[in-house]
Amino acid sequence: MSLPVHALFFAAYRDLLGASRLELDLPDGATVRDLVEDLRGRGAPFDGLPAEPAVAVNRVYSPLSAPLQHGDEVAFIPPVAGG
Amino acid sequence: MSLPVHALFFAAYRDLLGASRLELDLPDGATVRDLVEDLRGRGAPFDGLPAEPAVAVNRVYSPLSAPLQHGDEVAFIPPVAGG
Amino acid sequence: MIQVSVQQDPIDPASVIEQVGHEQDGAVLLFVGVVRNHADGRSVTGMRYESFREMAVDVLEAIAGEAALHLGTDRIAVVHRIGELRIGDASVAIAVSSPHRGEAFEAARYVIEEVKKRLPVWKKEHYEDGSDEWVAGAVPPADGLLGGDG
Amino acid sequence: MIQVSVQQDPIDPASVIEQVGHEQDGAVLLFVGVVRNHADGRSVTGMRYESFREMAVDVLEAIAGEAALHLGTDRIAVVHRIGELRIGDASVAIAVSSPHRGEAFEAARYVIEEVKKRLPVWKKEHYEDGSDEWVAGAVPPADGLLGGDG
């Protein structure tokens, strides 16, 4: 474990987890998908997150295949309803 | 002559004729086109009116073929530029 | 709820919105036409708007009614100003309130396009050199009040 | 001249217009989204808007920038409100000023459609029976910030 990242949760995801922010350590070379699977593997309530959520890395929408860097901020974005 | 009508002129047409309103008497059965031709036949400045102007009879756009009634108000409508 | 006006008084966009605003609706659209300081490359210093006022009111009501009929919203307000306008003055304001934004956009667009086609209003541009000129406009269709196919 | 805001304060449509108004332009368009008193047949008593605020500001700037690039007008202001809103409150306001009305309509429409697709904002509806629910929204594209073909 040498890849610390910050995970942010909003709206329905925050309500689901009861947390708006988690600090995680992932293996070097981990992708966003690895982060999602790490979380979902923890069981309830984390397995309530979708397998393929929309995410933003450092405030930019990113595919699940994006590799993570040290200190990245990964926001889980529930379906948006602005306007 | 037994068909009195009111002719109204706006904007460029009023400037052309130097008048915003004329009272005319036309023969029974006259159409809008007859009115236009009557005016244009008077020479300058009336012949500066187009042969087929847009007109409104009693405030409703009408074709030149429309028959006129006693007391009709015929407005000569230059190309419009509202908005 | 259709309200139209052809007026000498300055247009207050906020009050035009208020004419259509309602809590049952989800979208409000306001279009404002503003007198520009140039036209066809010439510097414009002001503009005189004239109308066949009684007919213009009828035509505005007809246009707004068509928009309401075709587009399913009857909350429409249209105000057209006449008289001497300065650069930056609002010449026309159209407000539409509708449950759905698509209808609001379409209704407002319909109204301004029809206004330009058939509202009996004319404008004379004043230029920097002191001259002025009637703006070349659109020939209204002979069946204008009944509308085309919109 | 692109100005965006994600704010707790009430939206004043007139001030949003002022952000884009300019005498060189001929058309000003304002779109306002308003909290409705019903949704899917249920009576709504209010709405809570949340955002990922820092990112939302970035996304609004990107959307407005795309509209400016594609549609040739760079006078765009967008304000999105967050927090507890009541029925009739403005949730979003978009103002566009442009020399030509077509561009103004298209730019405003583009901005609101993109806002609904990818702005990181969520809303919870409060119902008459005291319950509340997150509104089912749109899944933003993974390349959202760069836009689709708009």
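By written order: A, B, C and D. Residues from 1 in each chain.
Everything below uses one rule, namely that contacts are C-beta pairs under 8 Å (C-beta built on N, C-alpha and C of every residue); 3 or more make two chains touch, one makes a residue touch a chain.
Here the structure is a predicted model, which is why all the values come from computation and not from measurement.
*Asks:* What's the overlap between the neighbours of chain B and those of chain C?
*Replies:* Touching chain B and chain C alike: no chains returned.
*Asks:* Report the inter-centroid distance (CA atoms only) between chain C and chain D in whole Å.
*Replies:* Each chain's C-alpha centroid was found; their separation is 25 Å.
*Asks:* Averaged over CA atoms, how far is the centre of chain A from the centre of chain B? Could you give it in whole Å?
*Replies:* Using C-alpha averages as centres, the distance is 75 Å.
*Asks:* Compute the distance, rounded to whole Å, between the mean C-alpha positions of chain B and chain D.
*Replies:* Roughly 50 Å, centre to centre.
*Asks:* Can you tell me which residues of chain B touch two or more of the remaining chains?
*Replies:* Within chain B, no residue touches at least two other chains.
*Asks:* For chain D, write out the residues touching at least two other chains, lowest number first.
*Replies:* Within chain D, residues 33, 112 contact more than one other chain.
*Asks:* I'd like to see which chains touch which, written out pair by pair.
*Replies:* Pairs of chains that touch one another: A-D, B-C, C-D.
*Asks:* Touching residues of chain D toward chain C in the complex: what are they?
*Replies:* 13-14, 17, 21-38, 87-88, 99, 101, 104-105, 108-109, 112
*Asks:* Where on chain D is chain A touching in the complex?
*Replies:* 33, 49-52, 54-56, 58, 80, 91-92, 112, 115-124, 134-145
*Asks:* Report the residues of chain B in contact with chain C in the complex, numbered from low to high.
*Replies:* Result: residues 8, 10-12, 15, 54, 56, 59-64, 75, 77-83 of chain B touch chain C.
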